[in-house]
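One structure, pasted below without further comment.
Going by the order they are written in, the chains are A, B, C and D; count residues from 1 in each one.
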């Protein structure tokens, strides 16, 4: 069953066609990678899923609901979480707080003045958050300020923040960008574990090692259109893909 | 029609002053990223350059006249400025021209003050929070104005324009209106031209010199310029000095219109911020455009016809425009995304 | 109400006494025993602080129980009127010296009432505390409250604007002390907003109108068209109203009256329409910095060189302050206005005051200094005559009090509104000043009869005295 | 764990705060501040700054127009006295409500922008309010003179409940207890404690955490499913209500409301109070408010006489020299001291006075028991 269905999406910036008639179906419970050279429109497409951009024409449906015209926080509330290329966390807050905030968002909705109860009274939220921090291996520094973390740890924190919301769809924008090899492998392992829980994931990634370690299905985007789609093995030898990547240097 | 023309002139004149004050402020914003609440104080210090020169030129030789007594019984003092003693009529001319002459001393003094301020204080606040910058520069502004107050008192000190420029020009007569229809003071016309020249010079300096190119690049993208290995620190110092000079010159030339007092910097502070923000943070062209826009609209709002229609509009027009502009254009007239939004 | 205990009162009083003694006699022989006393007095204030919760059984608010009585001088020390405030303070220091029998006695020698003997008031030495009004109502009330609540001031005096005067007057009424207004010119101070505990020596816009109009008539004729620029607050409106009333009565027309924002700085947009309006007189109902700027700029626009309706264009500044007029420089020359008092007056009282002020400070006093000096003296005299400092008794002693020798000719503190009635000066910017203090010349001393009006005209209600 | 720590520390903080407020007349007497009016000002501006800190300290939105809400509160309170009753409770409630309403309207507009653009928008609205209150709105505000009580005021409720009219102007009461002098101070003090406690709860609540998240990263908030606008608006309105309450208290202790209370300098003052004391800390704003009001009222009152007295132990020549130098900083020069203080604090204590206190605390603690303590972070958490 397809959980995210993208039909005939077009997006233009001035004279530049960023997306052209993009069609995409994401199967529930799978890891779907979107790859493509720089400027292919991957990030634009992702932004159309989360409400940062609105497609000029076409439709984006998530779980039967149209995402068009919805604001980012509304889209999150229907079950889509996103990890950014450069980790977006609450740098001035502690790790525990970083994870508690999304937990509150899931429990209390987009807005609630919960001003009289104290954070320490919210034991279940905190336990939940600590649990997630343990999952990503950051429980020891739960009460440290998030800004002090390394880039890889920030990414893990961001993942915990998304996972605490138990999303139906998790979008990852280059989750290993700028990471050392060891860190990358750790992240792959972590993502594999997440995938095993049955969470649908869409990954944008340059690193083919990551893509082929995780993805069950791959779509290739070039110059704003999907030029190929299929299982990892099919994509590996696809001539169009080779061409798009200038002789397949990456493969 | 003549009333309209007069208000346009008023607006341009005001706009010139606003633009001149805002120019330095936005320059410091754009390049150094510093919210400088002491900018009004620089304007005030500039005008006190004129006051200082005037009091130097009119240093007097005091002779006591034992024949005549003051009302409280001490001998009457007869005072003659030394400079008149030495140079006679030429001395009188020098005193008469003290305001334009003050430009000559204001440039080095303001440059020096600017450099000292930047090196001694502002520099250490580049990386600090804007709130900290506000507090420290506001404190500096108070300290500066209190020092001026202790030296010159709180009352305004008259600074007449040279006698040559006293009185007004009947512009209307030249344009075919009736006599006295469009009359405008010579000094204000000079001020308008002066602000035009200063604004043009600043733009030319930034446009056509290598130094200016680097500064403009710095305004567009500070980090990259830093990465290029250009010694940006020294340039920042000079930019701050330049801003101080521009504010100072605006102050010097404004003294015949507004007798300077120690508090005038604070009076202009809010206004200059509004101008800069309406223009768009860090946009030089925006500051100039906003200065003239606000000046002209303020003049028109003060017309009896407008004011009787909407009572009190002249009191709030500046702020009203600021609100409207910011609601329509989120970053002011020519502001860029991401500047001073956090 | 619960106020400072008597113990604390005395300790505070003694501390303040030392202060003012020192300020009066700058060069005195130091005395180590006194030093010890002072120190212990200051510590005493701290130790005795809890006593503030005990109730003093005083007959009235801040009744002086020791050997001293405390005045509170509330003047602008920061902001636009700081120089005027400094001058007021100088005059107050002089007044305190004279009341305590130091210095040359100043106007006490010419004052018609001889109650004060130069030994303080009711046998008590006068000491004082000071505060900064900042020319803001809130700040002025806060500093007046400090002087009343903390320093035990029996009377508050000073100020340089009507808004502040009315605000502080209201406070003194509530607190139960006497307020002797400083420089305040709005009708409201002793009109709409008058209070039993408040007294004003300074004149008001009504008197300015009545005094100025005949002089304007003599100099500019009856066929004139006036254009008013008015500072947009209560004093400005009051001033505009009075001038219009008296000039229109003698035949002038008012073509336009425009309100200008306070502190506008640049008035060009208000001045430019004047020439084309058909007006041949511009009345600037501005005071302080606004007056300096609007006058300088109006002259710059060449208005006075123009001929309109076949007549020379003229500018009028109804209320002059010499200190501020100096800020306008050349622009004031030949411009008519009014003032409460001027140091060039030749009567014995004025000369005595100018002499002692000039000798103490090296320059002549301003009208603000004069009015505050008079107020301090008048209050002291009333207390002496009443034999007490109780506000209601002192007030009764001031009501209807007739006196002379304080520089404005025979004067009366009218009982109905606590306003002084005296001669009003019409002045003109001097063409050939001999010194930087010689800015104005007196063109006419308008006799008191000409500026009197019925108290009911300005409304308001004194209410009863409050003794706290 | 930290939870336990925070709660305990909060209790100690609150109890300490109550003790200081209760004993303020004694504590502040030695420095010359132990009289009702100044202590009332400490409490009132403390409330104002605490409220401002909920907006600025937590969300990072720097409002330069908060004095407008204070002014609205004051006008509302005086009008309540004039029209309804001299009892202070309705005035207090109405001034808070009206200020909140005003803040809701203004906030709805200005919160469309952030950063300096937000600051200028708030400044613009406040300056418009001030200018209009000073001139055109005089029938409502009584302009420059300020809104005052009058003998013939309606005071409908007082009439209904048969409160007898005296000869003179009535004074504000709390069911018969006069609200000037010491009783006025204790009323303000109790309100201050309540407002401090509310602020403490907000700081430690999930809502407070959301507000800190706004300051930290609005983008992340949106993608976490949180709508930032209502959060900022709520903070804006809450702090506006704090300001209105403070304005109401000003009118209660001194029934006069002047337009200058709304001027930008008054808005700037609360900004300075907050930064001076320590932005985002619980106690900092109260301390900052106290310091600034102390300078305004006490430093300005030191005249030459008092100085001569204070330095009379010096030889005469030296005495005059010292007096003329110190004279620059007190009396009419008190602004200079304040300006210099701003600079010194921000240069040497970036976290405001609270940082200074924390540093002193750390040093003493290290000095008392020289083992490595992990309390520093807990301290920071407690004060943040």
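Just so we're on the same page, a residue touches a chain if its C-beta (ideal position, glycine included) is under 8 Å from a C-beta of that chain, and two chains touch if they have at least 3 such contacts.
Owing to the predicted nature of the structure, the values given are computational and were not obtained by experimental measurement.
Shared contact partners of subunit A and subunit D, listed by label: none present.
In this view the innermost chain, defined by its CA centroid being closest to the centroid of all protein CA atoms, is D. Among the pairs C-D and B-D, the greater number of C-beta contacts is found at C-D. A separation of 52 Å divides the Cα centre of subunit A from that of subunit B. If you average the Cα atoms of subunit A and of subunit C, the two centres end up 74 Å apart. Mean C-alpha positions place subunit B and subunit D at a centre distance of 34 Å. Shared contact sites, meaning residues of subunit C that touch two or more other chains, fall at 78, 82, 232, 259, 261. In subunit A, no residue reaches two or more other chains under the touch definition.
Along subunit B, residues 315 each make contact with two or more other chains.
Counting only pairs that meet the touch rule, the chains in contact are A-D, B-C, B-D, C-D.
Subunit B contributes residues 2-3, 6-7, 9-11, 13-14, 17, 70-74, 77, 79, 149, 153-161, 166-168, 180-181, 183-185, 187-188, 256-259, 261, 263-264, 267-268, 298-299, 302-304, 307, 314-315 to its touches with subunit C in the complex. Within the complex formed with subunit D, the residues of subunit C that make contact are 1-4, 15, 18-24, 26-27, 30, 34-35, 38, 45-46, 49-50, 52-53, 77-78, 82, 85-86, 89, 129-132, 136-139, 141-143, 145-147, 149-150, 162-163, 166-167, 170-171, 173-174, 188, 193, 196, 232-235, 259, 261-262, 461, 463-464, 466.
Here subunit C touches subunit B in the complex through residues 78-83, 232, 256, 258-259, 261, 263, 265-266, 268-270, 272-273, 275-276, 289, 292-293, 296-297, 300-302, 305-306, 308, 323-324, 326-331, 343-344, 351, 354-359, 362, 364, 435, going by the rule given at the top.
Residue ranges of subunit D in contact with subunit A, taken from their complex: 2-3, 6-7, 201-202, 204-210, 212-213, 215-217, 219-228, 230-231, 234, 377.
Interface residues of subunit D facing subunit B in the complex, by the touch rule stated above, are 56, 60, 62, 109, 112-117, 120-121, 123-125, 127-128, 131-132, 134-136, 264-265, 268, 271-272, 275-276, 279, 328, 333, 335-336, 338-343, 345-347, 350.
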